[in-house]
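This is the structure I have questions about; it appears just below.
We just call them A, B and C in the order they show up, numbering each chain from 1.
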């Protein structure tokens, strides 16, 4: 009955709209496209999708075969983000060719791609991943098992549900976005997942790596014997959840197990063979963080402003001048980080530094910027450094090249010219002690000249005969 | 509720049973076979309890042969996973080498330099080899370090090229090295030389005076052409003054007009003044 | 025509004042003609000078002096104020300010365009003055002025719009020589000082000032060797040297070079030598002992040898810079090709072809030796100067096409002397009488005893009116032909600016190929203000001036390494070039391609120089040999070598040649200019080859077994 009331529905709409405004939303847009084999399948993911909707995303559900499906409309992105759930079809049709998907990334669209060992991955997505230097097992499917850390509750025989602690960063200077705040004994369920092997590219970062003893095999052909030459990958080379961030900060997350996102595994409890207590999975929080990262809600940095000026107490102290001379100089940058719904001051991960390069052809200076508390606000942190410009004229760049795993790329280049010393900026000659004899010489010449002129004009011929020869020679 | 509890209990029980069964192996041997005909290198036996103390050394043309018999709870059986995992201790990089396992649990693997990843080939550290045996079901899997492998490199063969991959992260700091400022000699020396230069002035004057220089004609000259003599000498002094001001404060465009003006005065008054000097010379007074 | 009528005609010009007025009118007409003959077409050419002048006018002298130009030589920038000869810009700036002070509102561009013709008028007058110092015939001066005004050798560098240093430098050169002769003749400090002043102006204007710096000491030295040391020489030379050197050191670009480099050492050496001579002269006059004199001469010789040794030691110790490469190339024409390809790559620096002498000087090249011969006949100090100048000028003009410019004034002077002598002998209406001849013969008999034989002259004259008129008529014809030739050369060869190519259609109509300006305009309108353009240095000034975009290298070739970097980028494979272009922040690459039109001055034609210059710096990475076929041919067709085919330049020249790191941005109407945009790094981190293959829809090859051991991923 309520729904029939137009006024109320309008009210409800406004409320929702308002809620969408205040509630979290991605920094790059909220149009999300979900690709499923069958739209009905979304019920399996209702909690995950519900979480997304509550964070402000407008989800459109499409099947790959849909005629109306188009990632671009009139050359502009029609969606901001895409989720691929596992599909059984071999190809994804002409609307989702790998070229279109790469273009989607190039147009700053984000992709969350999920895999499952029970379905083969569509060709199009395999090609896309190949372009990103991510390799999937041959036959486009595989199953990751680990005989040491499987979930004893759901897969005591098959060992294909891995129970893993939330991932710690692969290096100690990477922000622990995905594990921060997790309970100590939290476990992730990774059911029936596919592992991928990553190439050496720096744009790739594994979010979750397989444990040392895990390996991937093809359940159809290698269920009995794992032939030595057919092993796809094992151990930490096997990446279960992979983050890719393009140069334009477009993101792609490859989630090895689509089932991770299902309601079932949001609610399930898991236990490891080491005899730990069964605990509720960390999947829901992990799924939230992974999707938030993929859709530019997490790890998004913003440069608010950049300022540089001469660090001298002089009359003219212009801000952001175009030209400098060999002198002291201060460079300041203001950064903010976005988390779900708000911009806050960005703080560097432990062991990491923000660096400023002052470069022409190659860097002359690469200096750490330090946090300037006096200028920082809760919304923005300000980093600053003062240094002496190199004694080399040329066209230089102030360059902050802060590219880190899990953060959007910051590459700020501010070009300034550093000029040579002007002719009147050198120390005067009387300041230089080495020049004193020459200045004395000048004085001597001037005095000698003036006196000579006087003598030449006003001297009478010497009366003494002896001196006659040497007296002023006249012309 | 009760049902689930009892179910969980049953599972725990099951797990407890699984704990009992576990994978292991016997007859673990590792041998290094040289390529040269028939020459067998060292052969050592190992077990899962205590790793070998001495590293096995593997030459660049040798083959490392590992064989063992896998057992599940004492029974010879083929596990699904039978790996030798080599680990580079410094970086923690690992590479698995599956053993070829027969039905009866007999497993062999051979490893040569060619099979190793490049990161292992360039390191000097010994590699840690462990045996991993595991399979589906409840038997507990085994992961036991067994021995170390030391790679003997052929000094004649260059190390394979390897460049550390680019990773986003902080970089080395760089500080520009400034050119040294130009140096002046010690001030004392400058002062001495400056004084020496200045000393030439009195020396010159004295020698002039000794040669008979005087200003006896001054009154005569002034008397003959007072204005031109005064302005001429004044303009010469003024010119020096302009130069001094140019040196200290003026710029070119301030100095040039003044120089022009003074020069005109010098020329005009100079013709008269010097004419007077000439007249004295013609009169034989110089 | 009878003798009387001629006499009447000649009488008109007899009166002294009439002659003076006539001379002034003729000179004015000559100056006018020399200006007019340079106005065939007007297109501003060396754009850099114009840019610099605009900067000077807009920002004032001191800012210009300290100008750091951040739009050239990216990313090094150029300390322009300290690396140019400011004379030209300051001259136009001063003229502009003067005209504005006279309330004549004129655009600085017009001043720049018309500066060279205006100065050529002054050069004609300077040539008149210089020639007048050589001979008593006034007609010689007027002829010299006329020749100077229209000689193609000089017009080539001074047509309207040719806003280059030479535009004012030739005037300064001739005028400095005039003042030098004047100072030398009179032994005058005032003229010497004036000479130094103009020498300073010359130094401020053109690098060719070294010609004066070497010629004047040489003249002095020859005079000394001829035993003609005099106080006149002493006064004029020392005045010139002291003041001139001080003046030249005021130019930042020159700085301490006059006391540091070998090119300037002759002047310093002669200065010292003259002091020594003056001292000895004084001693000789004071002490009449003959033996003592010989001792003194020995002493002088010893000092000379010692100072020479000191010079050699100082040079080898590095205190004095050795002769610069540019100077060596003047002695050994093959030197530049091997050691400094950047100099040899300029067509102006090639040895002169023989026809060029005739083309640039026409009639004058024949009468030039006659004039020099006549100088031998007189052989006063000033004639020695002409002889020395003639010898050296001819040599240098033979070594480098460009130096034809320095030869032209002396050719004009000597030619004018020769022709005026001929005309003066044949254009005399009066027939000599018996008495004249006898008197002359008597004088000759007396005269044979003294002086050189060649120095005596018969003062007889020509009897036959026929031979007179024949001679005069043929001279007149020659002169007319000369004028026609000059006009033709000027209008056809020297008035076509390099940015606009003119060609003839089959039906004879003129067809203008304006691709350069089209391309520069495109750059100006379609690229970012600070888009960096990479091109070979020949086009640097034009891009900077007409397109107003920063360039990597330009016609001021001060940094050989930077030019070699561009050469390397052009001559290497794309995988090598791309990082270079990224490092230098290149946005666009501009190449000149003449293949469609058969235009020979394109980049493929210059390509070998790029290779050579790059090879000079990176002999391991670039090899000229690799661009030649095994049979030693330089081919660009199907048989081009692999290195050639893979070079960036080759790929850019031909259409759609599978460029991976560049994409075509613009091609001009006749394809002469092709502009490419440098692609960004691939967004997802692939190399450009695989990215391009993917775009084309090629299936990625199944990861083929790579050679070498496998690589684990390290995080």
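The rule we apply is simple: contacts are C-beta pairs under 8 Å (C-beta built on N, C-alpha and C of every residue); 3 or more make two chains touch, one makes a residue touch a chain.
Just so it is clear, the structure is predicted and the values come from calculations on it, not from any experiment.
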| item | value |
| --- | --- |
| Central chain (distance from its CA mean to the mean of all protein CA atoms) | B |
| A-C or B-C, whichever has more C-beta pairs in contact | A-C |
| Distance between chain centroids, defined by C-alpha means - chain A, chain B (Å) | 25 |
| Centroid distance [mean C-alpha coordinates] between chain C and chain A, Å | 56 |
| Between chain C and chain B, distance of the C-alpha-averaged centres to the nearest whole Å | 47 |
| Chain C, residues touching no fewer than two other chains | 62, 711-715 |
| Shared interface positions of chain A, touching two or more other chains | 171, 200-202, 237 |
| Residue list for chain B, restricted to those that touch at least two other chains | 95, 165, 167 |
| Chain B residues touching chain A - in the complex, by the definition given at the top | 8, 11, 14-15, 18-19, 78, 80-83, 85, 92, 94-101, 109, 132, 134-138, 140-141, 143, 165-176, 178-179, 184-187, 190-191, 193-198, 200-201, 204-205, 208, 210-218, 221, 229, 233, 236-237, 240, 243, 273-274, 277, 281, 285-286 |
| Chain C-touching residues of chain B, taken from the complex the two chains share | 91, 93, 95, 114, 116-119, 121, 160-162, 164-165, 167, 251-253 |
| In the complex with chain C, residue positions of chain A that touch it | 98-99, 102, 105-106, 127, 130-133, 135, 170-171, 197-203, 205-206, 237, 244, 246-248, 250, 323, 360-362, 393-396, 415, 417, 419-420, 422-424 |
| Contact set on chain C toward chain A in their complex | 62, 65-66, 68, 70, 74-77, 79, 82, 252, 530, 583-584, 680-686, 690, 694-695, 697, 699-700, 703, 711-715 |
| Of chain C, residues touching chain B in the complex | 61-62, 708-715 |
